[in-house]
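Common to both upcoming complexes is chain A, partnered first by chain B, then by chain C.
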Partner chain A sequence: MSDQTHLPGHDLAPGEEEQHSVGERVLGYVVGLGLALLLTATSFFIAGTDLVWQPSIPVALIVLAIAQMGVHLVFFLHITTGPDNTNNVLALAFGLLVVFLVVGGTVWIMSHLNANMPPMDQIMPKPM
Partner chain B sequence: MSMTTTAGHVHADPHHIGVVIEHPGPASKRIVTAYGFWIFLLSDIVMFSCFFAAYAVLSGQTAGGPKGSEIFEQRNVAIETVCLLLSSFTCGMASIAADVRNRFWYYLGMAVTCVLGVIFLIIEFREFADLIARGYGPSRSAFLTAFFSLVGCHGLHVSAGVLWLLTMMAQVFAKGFRADVLRRMMCFALFWHALDIIWVGVFSVVYLLGGGT
Partner chain C sequence: MLGKLDWSAIPFDQPIPLVAGGVVLVAILAVLIWVVVKGHLPYLWHEWITSVDHKRIGVMYILLASVMLLRGGSDAIMMRIQQAVAYQSQGYLPPEHYNQIFSAHGTIMIFFVAMPFVIGLMNLVVPLQLGVRDVAFPTLNSVGFWLTATGALLVNLSLVIGEFARTGWLAFPPLSELSYSPGVGVDYYAWSLQISGVGTLVAGINLVTTVLKLRTRGMNYLRMPMFCWTTLASNLLIVAAFPILTATLAMLLLDRYFGFHFFTNEAGGNVMMFMNLIWAWGHPEVYILVLPAFGIFSEVVSTFSGKALFGYRSMVLATMAICVISFMVWLHHFFTMGAGPDVNAIFGIASMIIAVPTGVKIYNWLFTMYGGRIRFATPMLWAVGFMVTFIIGGLTGVLVAVPPADFMLHNSMFLVAHFHNVIIGGVLFGAFAGFEYWFPKAFGFRLDERWGKLAFWFTFLGFYVTFLPLYIAGMLGMTRRLQHYDVAAWRPWMFMAAFGMLILSIGVICQIMQLVVSIRNREALRDRTGDPWDGRSLEWATSSPPPVFNFAFNPDVRGEDAYWDMKSRARQQSLEHDEPEYQDIEMPRNSPTGFVCAFFATIMGFALIWHIWWMVILGGLGAWATFVVFAWRDHDEYVIPAAEVAAIDRVNLEERRSLVSMAGIV
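This part shows the complex of A and B:
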């Protein structure tokens, strides 16, 4: 049985919850689903509306996406700040570090290359 | 888990910090398996981040072809999103049912998850087929290459997930809720929830950010 039950003082496997009744676990998923649906609906509404200042829309979409990822991590994958979750959180933090380095670094470098590159006809003059 | 003798405390507190930590030996197989799969999922997310970075760089390079706002249909994307979100929920229900060894709710949860996943795949496949039929295939422009590789890679993951889901139903049917089957079920649930997290990035960055302006 030690293969399946979570003993106090042990680590938790990723995705595993602490001991709760079935009702509490289902409620957690229902709350997560409600929050995720709300954030999704807001994203789709914001993307197509004229009600807000237009340059704020991309920022709002990114913030909403990150918030929804957080909701999924907490309510579906059960990542918590508890001591039994330290290993899972550390692995996640390292993964996020690499993701931000890759995406942020690429966008940063490529935008500078684009801005510093002269127009194509200056590099390769058209043949007479 | 009760505290042992004083001699045991000396070993349990090697740095004399006053806190006795009992080391129960290696973690159980369930934790080791799920943790290894968690590491794999994070590496998979890192791979997706490379596709996201390529899309972010190439999204404006349309080479005279269509822009994102001309080919994306928000309504289809909204249906796809709701399908994946609900399937994540039913997958959670199936994992709870597996933990309490309830076959009926397990099969029901997995079947609904499978149907929602297949609906998602059908909508995505029709979108791709429609784009290619109009001449907007992945070879049309750098933007479309990045679009097809990112969204297609996610679609391939969902296809693999559906196959895995059917395998898990068959294993529970044939072998019951054995410890090894439950470990695989836990990895499958992690995989399915992670796919939904990646889809949040896809619909926000590709369809909503790329479809606007």
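This part shows the complex of A and C:
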């Protein structure tokens, strides 16, 4: 049913995009792999180092992790900003929104669970 | 060798499940023998069981849902009778049995009635409405269906081998943990849902892709029928929410099988996390169910009012708004858990906001009817009945979404009344409306209107007599899931509810009668035009039942209400009479992949429940091998020659021409 799927201006599924030459595609994956490895190595290095200010380590790890996701999306999942990619980008945005809502909401809810509890030392008699 | 399984698993001491199970078993055997003796087996195998045709799969989903509706309905009748008689006594159902019944009832009604019914309707109709030949992944579609059937089978198996969960339909820990539920009940529950959950996810991916990627020429997003939009929204929710359910149940299973402590009382487990996660799926789930119903009502109301849907774009917007907001309200199911006023207030307000797009829809339907030439055929009756009933359910929903009120009403009979009000009045009425509306499309003959109307009135009345008393009982302080009680004031309301159940049952019987009578009179009820209701969207542009390839040509869409538009144009131009040039059509071949896969999944599920590890491996390997064989297949399509397409299409075209020219004279 390819006559239905390739309407002009219609977007493409991953893997359906124009075929580049093999060399070009391999190059793309190699660059992606290199970047991914670099980011991974950096994360491991940062986690154990005392070269940087200690409290900045978690922040650095988060930044590196987000960059890692970006590399995967661009080089491996081929998410681009082209017009043939609208659906993929929208799906990604929807997914991110849901993850943000559920994870953020969960953290918020669970951290408030004991809001109505009086402090422990008021419920439990202090040991004599 | 057989894990935990031995003769003690068969409940010889409990006559009710044994007799019920026996009767079902005999019935199934009788049907099987009849099928084999009559020689229908090859037909069933080639035309249905291995079919990858979205219409057939849709019909099988609906059949599964209907059968399970009878099972879930029997549970309901038993519970209503128990609560009517168990005043200051034990009634006739001992607690452990009663608890299994309400758990099975909820599980079955949500996962194996409501879900397959709406998924079946979407499967049947959406490709037709989009003007295409099939869904995006036909074989995957069949796999999805058969995995759902596996889940249903396992739940029913628990009736005679072992027991079902006694934990309620969401299996809250710590009750569902090993220390309080050592039996196999919770395992039956969890594995059924894990397996059928895969099926649902697959169906969701398939339908999202279908709507996004397969639309006929000119069918851009803002020309899609409303049902396609709600299908899109609902399936986006499936894809986003069902993994949460799977992960949550997986954690519960890890607790139960490997001694983890996600949700246990001790060793740092957190019960509240289960509530949080399960409802992060659970609230979207209710919209997964009701959004397609909204779509069905939109189609029905506009067809039977003879008008385009009022405020189409606002309807689209409302649908997509619900799709997003439904992920922002889940805490309203556990206001009383103690997250404090800040959190409760925010989620309470979000819950009220979600009622706004729903209200927009109600007004749109009303304005569609306003000034229309309304025909009160059976589907329209269900639609109007829905509007009245759903408004009440929505209002009580907003009421329990007010945290202070919810502290009084949470887990009372009032809550039970609320969700039945929206699920029966919304989802079930919607499913019935869709069933009545699209039945002629699926089978080529109409349903008997007289029995259909009787079914509607009994169900409608029966619903109110059953569930309004529950609101009152809830106000009087009655909590849900009581096996017996000592409060005299509740009793009259329980009697009334049981009586209502009787009326509802008559409604169900009428529905069955309608089917029987219609099948018997099918020649008189035959619809040759393919357009029995004077429809507006593309499913009515092909014959009933549609040929495997749906459309000889992909229709060309130039506006909203595509088929209506074509009909009007045809009337003006008195139809081109030259024969179109037919071409070969490629269709996907049927495949037993789904059935075989589900066969092994059933074995694996059963073995997991009973800890029969060698059998788990066997089932797993089988399912995997099936997948490999399918992945390496050589021929996945066959060709229908142009001559055959022409022969099939000509008949339909003739009928349609005469229909249009007749209308043209008027």
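Simple rule for what comes next: the second predicted complex is superposed on the first by the 97 of 128 C-alpha atoms of A that agree within 3 Å, B and C clash if a C-alpha of one lies under 4 Å from a C-alpha of the other, contacts with A are read in each partner's own complex, and residues count from 1 in each chain.
We take it that contacts are C-beta pairs under 8 Å (C-beta built on N, C-alpha and C of every residue); 3 or more make two chains touch, one makes a residue touch a chain.
Everything quoted here is computed from the prediction, not taken from an experiment.
Applying the stated contact rule after C-alpha superposition, one finds that A:Val102 touches each of chain B and chain C. Applying the stated contact rule after C-alpha superposition, one finds that A:Ala60 touches neither chain B nor chain C. When the two complexes are overlaid on their common chain A, residue A:His112 makes contact with chain C while staying clear of chain B. Of the two partner chains placed by superposition, only chain B is touched by A:Arg25; chain C is not. Chain A has more of its residues touched by B than by the other of chain B and chain C. When the two structures are aligned on the shared chain, A:Leu35 is found in touch with neither chain B nor chain C.
After overlaying the two complexes on the shared chain, residue contacts for A:Phe94 are found with chain B and with chain C alike.
Residue overlap on chain A between its contacts with chain B in one complex and with chain C in the other: 3-4, 7, 10, 13, 87, 94-95, 98, 102, 106, 110. Contact residues of chain A toward chain C in the complex are 1, 3-5, 7, 10, 13, 87, 94-95, 97-98, 101-102, 105-106, 108-110, 112-117.
Residues of chain C touching chain A in their complex: 132-134, 212-217, 236, 240, 244, 270, 272-273, 276-277, 280, 324, 327-328, 330-331, 337-343, 554, 586.
Listing the residues of chain B that touch chain A in their complex gives 1, 22, 24, 27-31, 33-35, 37-39, 42-43, 45-46, 49-50, 52-54, 56-57, 74, 78, 81-82, 85-86, 88-89, 92-93, 95-96, 100, 179, 182, 186, 189-190, 193-194, 196-197, 200-201, 203-205, 208-209, 211-213.
Per the touch definition, chain A reaches chain B in the complex via residues 2-4, 7-16, 22, 25-26, 29-30, 32-33, 36-37, 40, 43-44, 47-48, 54, 57-58, 61-62, 64-65, 68-69, 72-73, 76-77, 87-88, 91-92, 94-95, 98-99, 102-103, 106-107, 110.
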